[in-house]
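These are the structures, in structure tokens.
Next come two complexes built around chain A: one with chain B, the other with chain C.
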Partner chain A sequence: MDFEIGPGLLNESVLWTILWSDVLIFFLVGAITFFILSLKKNPQNRERWQQVFSTRLGMSSFVIIMAYVAVALVDSVHFRKALPSIPAAAQWQTSEQVFYSNEVNSLLDLALGEMGEMPERTYSAPFALKSWNKENLLLPDGERVRDYPELAFGGSHLDNPEDFSRDIVVNSLLGIAKGLAIALLFIGLHAGWLKKNGSGTTTLQWRAGWITFAIIMAALGWLVTMGNLYHVLGTDQAGNDTLYESLKGIRTGVLIGTLATLITMPVAITLGLAAGYFKGWIDDVVQYIYTTLISIPGLLLIAASVLLFQVWINNNPDYFEVGLEKADAKFLALCFILGITSWTTLCRLLRAETLKISQLDYVHAAHAIGVSHFQIIKRHILPNLSHIIIISFVLDFSGLVLAEAVLSYIGVGIDPAMASWGNMINMASTELSREPAIWWNLCGAFFLMFTLVLSVNLFSDLVNDAFDPKTKLEAA
Partner chain B sequence: MTTALQDNPTEVARSTTEQAAATAEKSLALSVNKLNVSLRHAPYMPILQDVSFQLRKGEIYALVGESGSGKSMTSLSILRLLPDALKITKGSIALPDTDLFSLTEQEMGAIRGKKISMIFQDALTALNPVQTVGQQISETLKLHTSLSSTAIRERTVELFAEVGIPEPEKRVDWYPHQMSGGQQQRVMIAMALACEPDILLADEPTTALDVTIQQQILELIKKLTHSHKLAVLLITHDMGVVRQTANRVGVMYQGKIIEQGNCGDFFANPREAYSRQLINSLPDMDDYLPLKVQQPLLKVEDLAIHFPVRKGLLQRINSYTKAVDGISFTIGKGETLALVGESGCGKSTTGRAILNLEKVTAGDIWYNNLRLNSMSRREMLPLRKKVQVIFQNPFSSMNPRMTVGDIIEEGMVSLGLKLSRTERIERIEALLARVKLEPDHRHRYPHEFSGGQRQRIAIARALAVEPDLIICDEPTSALDVSIRAEVLDLLLELQRELNVSYLFITHDLSIIPHIAHRVAVMQGGKIVEQGNTEQVLNQPQHEYTRKLLNAMPYVY
Partner chain C sequence: MLTYIIRRLFYAIPILIGVNLLTFVLFFIVNTPEDMARAHLGDKYVTEQAIQDWIADKGYDQPLFFNAAAGGLDSLTETVFFNKSVKLFAFDFGASDEGRNIRSDVVDRMGPSLALALPTFLIGIWINITVALMVLMFRGSKLDRFAVGIFVTLMSVSYLFYIIVGQHFIAKISRLVPVSGFNDGIDGWRFLILPILIGIIAGIGAGSRWYRSLFIEVSGQDFARTARAKGVSEAGVLFRHILPNAMLPILTGVVVVIPTLFMGSLVMESFFSIPGLGSYLLDAIRAQDFAIVRAMVFLGSVLYIIGLILTDISYTWADPRVRLS
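For the complex of A and B:
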């Protein structure tokens, strides 16, 4: 799906490209926001969320998760830049016709400046000024030597390599200051808004949230400033900036977590509810389906489906204009397959809980006042299952982010055209066996993935404590 | 309260000399002095306030009060097993020779089970389902005595015989689920007695049991108190149980003991208004409702409901459980029929069959002249507003995620009552006022209400569609005694004003004269006796009815 927009925001004409996964991610964010707002109506739910956010841990991990989601969203607005018109070809085209680059960029690329457009020739260490490998160099006096060449972009602004450490300190402080300034601006606005609208008695841990936000912004400010001058996390084999690749991997990670979980949900909820509520032959059918599915090794099923889809993509190249669209289709297929193979656990849980709830008096009472099956499920059963759904959503999320890494490692994961942590970790297997080892590639992916999964897990623990009626009972 | 305590010894002395002598003879087993318990994170909210009482050997001390008054917390404090959220702030609990609060946790472990033991309300959940009952008793014996394994088995059999379990040699090897509720409670008592404790704490030991079994268990506890010289703390909410078993009584209200004294004196002459209310909450047995002669509204003929028992690999139907086995009765317009029986006799199944929520095996249910049991869900819809239901447990009968207004409104909407939104709100407010709640309450959620208030909301929900017949399935058995009377009075008042009929399903004979015009006694899926309330209660014809009536606890 492409549509053209003339010169506008970017001062040159761009072709806005909307990938299917972009549509889905915005749709999902909208749906989740709507869902949370609808939960707010119920005071019981509001109280529970309040419990989650009145712990410092809950607030901090939520801010971190939101930072990831924000990066993923910014990275989901894609466009293709116009190519500069070539005078020689001008005779072949009408003056208005513009050709667009084959490379698809996103708003994140704009925000990161030139970080993505500083390719070196091959590996270079973090903050290095010279390449990692020796090459044949032609000196100005015509002599050939074998030495480490200067990097094309990393540290190229320096006139004198002696200034290196001073330059780093100055630019670091500058970057952090920029980040903090933006953070303080937002915090100030928020604090002012709270003072005006919010009641003073709130127990929410805003301060923890602000501190986390300030730290994230400072880190981002530093990374962006330094990333435009040096290769903060070095470069990979093809000379791409590792930091840039890791940041681009956020979108893939977040998307695979949410998309696959949300594909799981409708299947699990529909089948689980139907089996538990109607019982009889419907229950039998659903049970047979999921026991069959469980008994096939999940990895085998996923690998088989991904390979099948890969064949389909290769046979129908006309459907995809650029490489990223192809990668995107494969990515969506992967999410879909992951979702389809992992609904069984939730389905079983929901079936059991529905069996229990449908025996409760209020469901009988609803039958007695002639409420229809659909309304009983919608009004009496589904809302009472929401805690299970929320808990398993958050828990499954981190599992799926990790699953992507595993699948990429065995080679049935994300297309190499798309940045993903799994692919980076996959590459690291050979890099770590070199001597001296190349550690930064793994490091970038590992650190970002670790932070995301850890904060999601911490957050899900708190959500679990607040929503699980069993822990409520024990506390009482 | 403190004055009541100081008065107590003198009062005992003042009462009949015979009793005073008897009390003095009995030696002290445990004394609780000015016990204070509060929530750990909110010390200003006392759970128990200056609770003091003594337990004496060979005597039953009954602690009476409504749910939430702090009775169970008192017994847990004695064992030092309070939940983590609670903390003892002041006071002492002492055996004659030791102060329990000065012991280490390990020393306390030796006291629990050996000197002080406990019986719980629900025997089935207190027994481990995967161990035989014999093993569970042996465990206690192994822990606290040095007997050999054959001696332990002998002792277990002996204990079983003592608590009146038939064929004790055989039943020590049974699993808990193979025994009836009464026998499970006997096992619990045997377990509590295993190490010959001095003190027995019984927390609502008979609340989960049927009346006939309740009586047997109480007799057993009474017998053991005398034969073992036990000091028993009996916690209960049932004044009838107190009257029958206790030697001394303490009334607990909001964490305080407001009155204590000898059982006889207490019932003859209660000092506090609250105590009087508790005693009077037992309905008068001589006051019968006048009979009405009406044309039948609901007619049940030879109703039978059998549940298939499936067995084996192919789940073939092996036999049938006859939940309801050929019963017939009628209910007239504006009349109440009480369906009485013990748990598992098929009373609730009958109620559900009338609501068409249960598949009928044989027989007919006629409403006016419509046959209900062959109707489909769709055909039944217009009749749904004629027959309504009120359930036993007010905590599970309402969706916790809907407001009270939505709960009451649901029936009006789904049964297609042609009302506008404002009319419905008016109606909801009128209904809430009718069941003596505030109109504003429609915005609240069920968890904000007490049990009695919730039961009123359930009544309002049933009334919302203007039914002719309401099936009341044990509507008062989950409620405290003082609230029970209010709910019953409300039901009566509504019957007078709206001329609705009730099918009143209950196991509690004591409330029947108050509420029912006619009674049907059910046993094992059959109606063994039915007739006018006065006639059935005063001249019971069937042996089972007589047994039920004898087991009923009386206050006077």
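For the complex of A and C:
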């Protein structure tokens, strides 16, 4: 799906490219927001969410998760830059015709500045000024030596290598100050808004949220400033900036955690409800389907399905215009397959809960006064299942992000054309055994993945505590 | 009991048929044998004849479900469905793309897989339960919250990271054990000790946290309070009252896994070059050898169903109130 926008918005004409996963991620974020807003009407749910956010841990981890989601969203607006028209080709080119680069960029690339466009020849260490490999160099006086060549971009703004440490300190302070300034602006606005609206909900730990936000912004400010001058986390084998690649991996990680669950959640909810509510042969069929799916080892089913989809893609290359579209199709297929293999657990839980609820007196009463099946499900059963859905969504998320790395290792994960932490971690197994060891690729991917998974895990613990009636009883 | 087991085995048949049909649809209808041949032989410089030869060689040239030309009973048996899918029920897995007999490969490779998976599993459970019980003694205190924090942190680390870092520091830098390889017999322990250790450490976070929440649920019940009230020591409450009562949920989570241990671990085996079923499957996936993948899907399902039956039987052993009928 491509559509053109003339010059004006970005000074040069760009071709907005919408990948299917972009559409889905915006749709999903919208849907989740709507879901949360509609839950807000229910006082019981409000109280539960308030319990989550009145802990410092809950507020901080939520802010971190939101930062990841924001980066993923910004990275999901894609476009292709127009290629500069070549005079020699003018005779074939009509005046209006513009050719577009085959490389798909996103708004995140714009925000990160030059970071993605600083290719070196091969590996280089973090903050290095020289390459990691020795090469044959031709000195100005005509002599050939074998030494480490200087990097094309890392630290190229320095006139004199001795300024290195001073430059780092100055730019670090500058970057952190920029990030903090933006953070303070937003925090000030928010604090002012809170004061003006004067809501007396002082139990919410806004301060923890603000501090986390300020730390994230300071870190981002530092990374973006330094990332445009040096390779903060070095470069990988192809000479790409590791920090840039790790940041691009955020979108993949967030998407795989949300898409896989949400694509198939409708299936799980529909089948689980139908089986538990209508019972009889519907129940038998649904139970048969999920027992069959469960009994196939998950990893195997995923591997087999992905393999088959790859065969299909390779035999039908005409459907995809640029490489990223093919990678995107593969990625969506992977999410879908992951969903297919994981909906069974949720379905089983929902079926059991529906069975229990539909035996309750108020449901019988609703039947007796002639309320339709649809209305009973909508008004009496579904609201009582919402906590199971929320808990399973948050719990599945971190598992899926972690699973991506293993799947990429097996060779059925993310296409190498798409940045992913799994692919980066896999490369590390050979890179570590080089001499000297290349550790920065592993570190970059691992740190971002770990932070995301850890905050989701901590958050899901709190959500679980707040929403699970079993833990509620115990506390009472 | 025996009638119950037999009945459960009969229940397993429709499920296995379902698994079989699903894999058949995936492997032969979604992708035709011709697609597979193309994937194998490559797109370029491949002649129509080469594709037909490949298909005939693998036995995919027969009709899918019904062979009208063969006549009689053969019209049902001389089909792809019968030869490639139905025969799996007799554990006749056929030959791999390299022409090796899959069944004898599987039998050969079960041993190494088990040598790695069984100790990891048993020692892992023992350590997880011990850690969870220790944490339970301090429940509600700062130490408890600290321990849960550690569990969650350990859970959030990628499995691959444990393997890569463990292999790097223990085998490559410190040279305490060989980096990878396998040896039959007692001598093999040097190769196995590192993957077993990594497997256990990688599982501690999630495992201990799960057991802890299980024990806390049980320890909040009335009988535990009564036991404490009548003066049973804390250790006595733990081992005589809480542990036996937590046995059913533990068995539910644990017994089902035991048969699937035969399948081995995909990632661990390939990192440490252990010639088990996990690395066998991984090689097959990477070489797109669909015959092996199909056989393993079926084998995995059979083992899982056996696990379910074993779980039910173990209930009667753990809780005398449970009667199978």
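Going forward, the second predicted complex is superposed on the first by the 473 of 476 C-alpha atoms of A that agree within 3 Å, B and C clash if a C-alpha of one lies under 4 Å from a C-alpha of the other, contacts with A are read in each partner's own complex, and residues count from 1 in each chain.
One rule holds for everything that comes next: a residue touches a chain if its C-beta (ideal position, glycine included) is under 8 Å from a C-beta of that chain, and two chains touch if they have at least 3 such contacts.
Here the structure is a predicted model, which means the values were calculated and not measured.
By the touch criterion stated above, A:Y319 is placed in contact with neither chain B nor chain C.
By the document's definition of touching, of the two partners only chain C reaches A:T292; chain B does not.
Partner contacting the larger number of chain A residues, of chain B and chain C: C. Of the two partner chains placed by superposition, A:W193 touches none, neither chain B nor chain C.
In the superposition on chain A, contact of A:N384 is made with chain B only, not with chain C. Contacts of A:W20 after superposition: neither chain B nor chain C is touched. By the touch criterion defined above, A:P43 reaches chain B but does not reach chain C. In the superposition on chain A, A:V371 contacts chain B only, with no contact to chain C.
Looking at the shared chain after the overlay, A:F35 reaches neither chain B nor chain C. Comparing the two complexes, no residue of chain A contacts chain B in one case and chain C in the other. Listed in rising order, the residues of chain B touching chain A in the complex are 85, 352, 355, 357, 380-381, 384-385, 387-389, 391-393, 396-402, 410-411, 414-415, 445, 447, 458, 461, 465. Contacts from chain A toward chain B in the complex involve residues 42-44, 360-362, 364-372, 375, 379-380, 383-384, 475-476.
Chain C meets chain A in the complex at residues 14-15, 18-19, 22-23, 26-27, 30-31, 35-36, 38-39, 43, 152-153, 155-161, 163-164, 167-168, 172, 216-217, 220, 260, 263, 266-267, 271, 281-282, 285-286, 288, 290, 293-294, 296-297, 300-301, 304-305. Touching chain C in their complex are the following residues of chain A: 288-289, 291-292, 294-297, 299-301, 303-305, 307-308, 310-312, 314-315, 398, 402, 405-406, 409-412, 422, 425-426, 428-429, 432-433, 437, 442, 446, 449-450, 453-454, 457-458, 461, 470, 474.
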